[in-house]
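Both of the next two complexes hold chain A, though its partner changes from chain B to chain C.
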Partner chain A sequence: MTTKPSTSDGSFTILYFASASSYTSKDAEVLAAPLPVAKLFDLLEEKYTGIKSKVLESCLLTVNLEYVDVPSDASSTGLVIKAGDEVAIIPPVSSG
Partner chain B sequence: MVNMDTKEIVEETRYVALTHDTLDAKPIMDRVRSPKAGAIVLFAGTTRDNFAGKSVKELQYTSYEPRALQSMLAICNAVQEKHSLTAIAMIHRLGVVPVGEESILIAVSSPHRQAAWRAGEEALEECKEKVEVWKKEEFGGEEGGVWRANRDGAVGVRIDNDQNLNSPAPGPHGPVLRPGRLGERGHGAVVNPRNQNQNS
Partner chain C sequence: MERATTTAKALRAQITATELQLQNLKAQLATLESQEPPLQNESEKIPTKWPLTPDEYKRYGRQMIVPNIGIQGQLNLKNSKVLIIGAGGLGCPSSVYLAGAGIGTLGLVDGDIVELSNLHRQILHSTSSVGMKKVDSVISYLKKLNPNVRYVAHPHHLTPQNAAEIVSGYDIVLDCTDHPTSRYLISDTCVLLSKPLVSASALRTDGQLIVLNSPPLPQGNPEGGPCYRCIFPKPPPVDSVVSCGDGGILGPVVGVMGVLQALETVKYIVAGGNSGEGNSMLLFSAKGTTGFRSLKMRKRNAKCVACSSASELTLEGLKEMDYSLFCGVSAPVSVLRPEERVEAREYERVKGKEHLLVDVREKIQFDICSLEGSINVPFSTFEGSGLEQPAWLDQKLPADAPIYVVCRLGNDSQIVARKLKELGLDQNGTREIKDIKGGLKAWRDQVDSSWPEY
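Entry: the complex of A and B
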């Protein structure tokens, strides 16, 4: 990531890699914080129709470089993404 | 002295790096060289000109660099401890890698060769399973590029759960969508050293 959108108060950065980057046509963007992790995939589905089934369901999620669980129930309580956090969508890797 | 194209973590007996430069085996071997070691095993993964019979024009690697370096270091720690290695070093190339060139180098050293052989193989398999690096294969023509997935053998392919009754336990990166097939990974058939011990 060479150009990372800057996050001021009330927003967080989300990074897209590989298939997530291709689907959104972006490497990164800024979204409004706070946001419960459980609601993130639904928010992205609203912005990028079809991304949930085509990309996100096989992806993992990190917040500030740590892997976090994505609750399957959007109404469940769980981690809340805060302003200034760095979130990343991690598709299945293909290193080597 | 600081190379802007290389990001690395250097510890006394562990070294991990991501670079946009071409890879050179000798410096990575020298990272693990020691008078205490009787063996250095070096793995060099090179990029193939085809995937499942389709001609690959070039390959491009991208990474979540700070996350990938942490994963590489965690693998090095675990493999070094398990096999009592003298040292371990791992470097992955990013950006466009022309066909036939090295995309990854792993070097391990140990007092005796058996541990080094096993550790080298295990480090590569762990790396291919976990390190946050993504490979895009450009087939040329209208087909464009395809993001490869080590886990699935193809991108965007979802496997139904009922095909998956004998799937292995979830790994640290979440559930495995289906058991691996021989030969689906980039450097030939997958041989899991953890399943081979009874044959040795």
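Entry: the complex of A and C
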């Protein structure tokens, strides 16, 4: 992550690993905060068509280096990503 | 009442597991007794007041004097039985450090044979072991390194049918495999048999490491460590699974992950179990400056289909599990009709006439070797692209000059040929658009045996 974007007021950093990085052609980017975790996948789907079913649904998600559960429906109340947070999308890597 | 049922279920599972273990121990003893030479070896013949042999004090001295290891740590290692599943890029570096550290019994599971393309990263195999079984190649190296360890070869792949029997003979398991199907199978087996699991993986320049099912409490106990299904409940879509053969892998990247697996295993055994530090996942990236990143993991998922109290997974049920069905099976691509494809040898005959050859491999592969006159338009540039006319198409190409599409093996080329037709590049049927069947591999087989096979 050499090009980690800086988070100014009102934004958070999202890091893409493995297949999430290939799909978005990015290692990281900055998105607007606050954002409920439940809405994150829909937002990414708007930016990168198809990413939800092809990548996100099998990924684990961390906020500030901690595992978080992604609520199954977007209307549910759950964790809200705040300005300055670091979110990571981590797909399973199975080869070795 | 519900609680009692759950406990009873957990107990039954434990009993089955213990019975299996007992069976295995008896089998091991029988094998040993049948092989045992009449004379016992030196260290057992003369009882001494020291728990290790003189050779062992010398051999392990440098690690025994490390704080927190000590004589007890060394004895724990000597009394431990470790199973390494996969004798490749992860299994080689992990097994070499575990053998060196003085594990009592080291089992290796792998059904593959050594190939030339393995050698840049699978550090225990040598050029002369190409064609040998991987487990035999690894064990012959390890025996020279440390003859005090008892090595057990399992020269076949782990399957739902043999998994419980193999795993039950060991205390801790290392997942050094390379596919989602084996990752779920190993995790489920470790949950059912209450074995901690040190799991690592690597692709291209990145790696992941996680200690699962630690502490290895029975199914249904929420205080146990999470399993693979708690972390990744849904397998990745089958067409997104990239193997090292397709995606590439840097030797030191997978090496570092294997070495870390050995380290976690040694720590676990020396401490006599989970140190209570909580579960984390370690991510490693050779790109950029971050290097390592430690992520705090969840506890067991209360709805996990393997390790929660809601789980219906049993040792008997495991044998019936279809992991290929769960993870999906990649079927060979077949989107073109036979008449829309040419054999490599046919293309060789027509290539004198005016045509365009489009090579859709990624640029990094095209730069390694390419056919004369071909242009490179990587497959990834077609993904998600719309119906606009491609910029790479030379407008001077006659409307009836055919377009051929080629890739490494003949899958991506079909998808692109179809896409070019959808874009109308076939001029309503006056221009032929075909792919080369079997790709550049077929070119090597049928036309040019000097073509580099990478």
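The criterion applied here is as follows: the second predicted complex is superposed on the first by the 92 of 96 C-alpha atoms of A that agree within 3 Å, B and C clash if a C-alpha of one lies under 4 Å from a C-alpha of the other, contacts with A are read in each partner's own complex, and residues count from 1 in each chain.
The working rule: a contact is a pair of C-beta atoms (placed from the backbone, for glycine too) under 8 Å apart; a residue touches a chain by one contact, two chains touch by 3 or more.
Keep in mind it's a predicted model, so treat the numbers as computed, not measured.
Asker: Since both structures carry chain A, what do chain B and chain C do when superposed there: clash or fit?
Answerer: On the shared chain A, the partners clash.
Asker: After superposition on the shared chain, which partner residues are touched by A:S19: those of chain B (first), chain C (second), both, or neither?
Answerer: both
Asker: Give one of first, second, both or neither to describe whether A:E57 is in contact with chain B, with chain C, with both, or with none.
Answerer: The answer is both, since A:E57 touches chain B and chain C.
Asker: Quick one: is A:L65 in contact with chain B, with chain C, with both, or with neither? Answer first, second, both or neither.
Answerer: In the superposition, A:L65 contacts both chain B and chain C.
Asker: Once the shared chain is lined up, is A:G96 touching chain B (first), chain C (second), both, or neither of them?
Answerer: both
Asker: Please write out, lowest number first, the residues of chain A touched by both chain B and chain C across the two complexes.
Answerer: Touching chain B and chain C on chain A: residues 1, 17-19, 54-55, 57-58, 60, 62, 65, 67, 88, 90-96.
Asker: Within the complex, which stretch of chain B touches chain A?
Answerer: The contact residues of chain B facing chain A are 45, 61-68, 70, 92, 103-104, 124, 127-136, 147-152, 155-156, 158, 172-174, 177, 185-187.
Asker: Which stretch or stretches of chain C touch chain A in the complex?
Answerer: 86, 88-90, 176-180, 183, 200-203, 206-208, 231-232, 234-237, 240-244, 247, 249, 254, 257, 281, 283, 285, 287-290, 293-298, 384
Asker: Which bits of chain A are touching chain C when the two form their complex?
Answerer: Of all residues in chain A, those touching chain C are 1-3, 17-19, 27, 49-50, 53-55, 57-58, 60, 62, 65-67, 69, 88, 90-96.
Asker: Quick one: in the complex, what on chain A touches chain B?
Answerer: Against chain B, the touching part of chain A is residues 1, 15, 17-19, 21-22, 54-55, 57-58, 60, 62, 65, 67, 88, 90-96.
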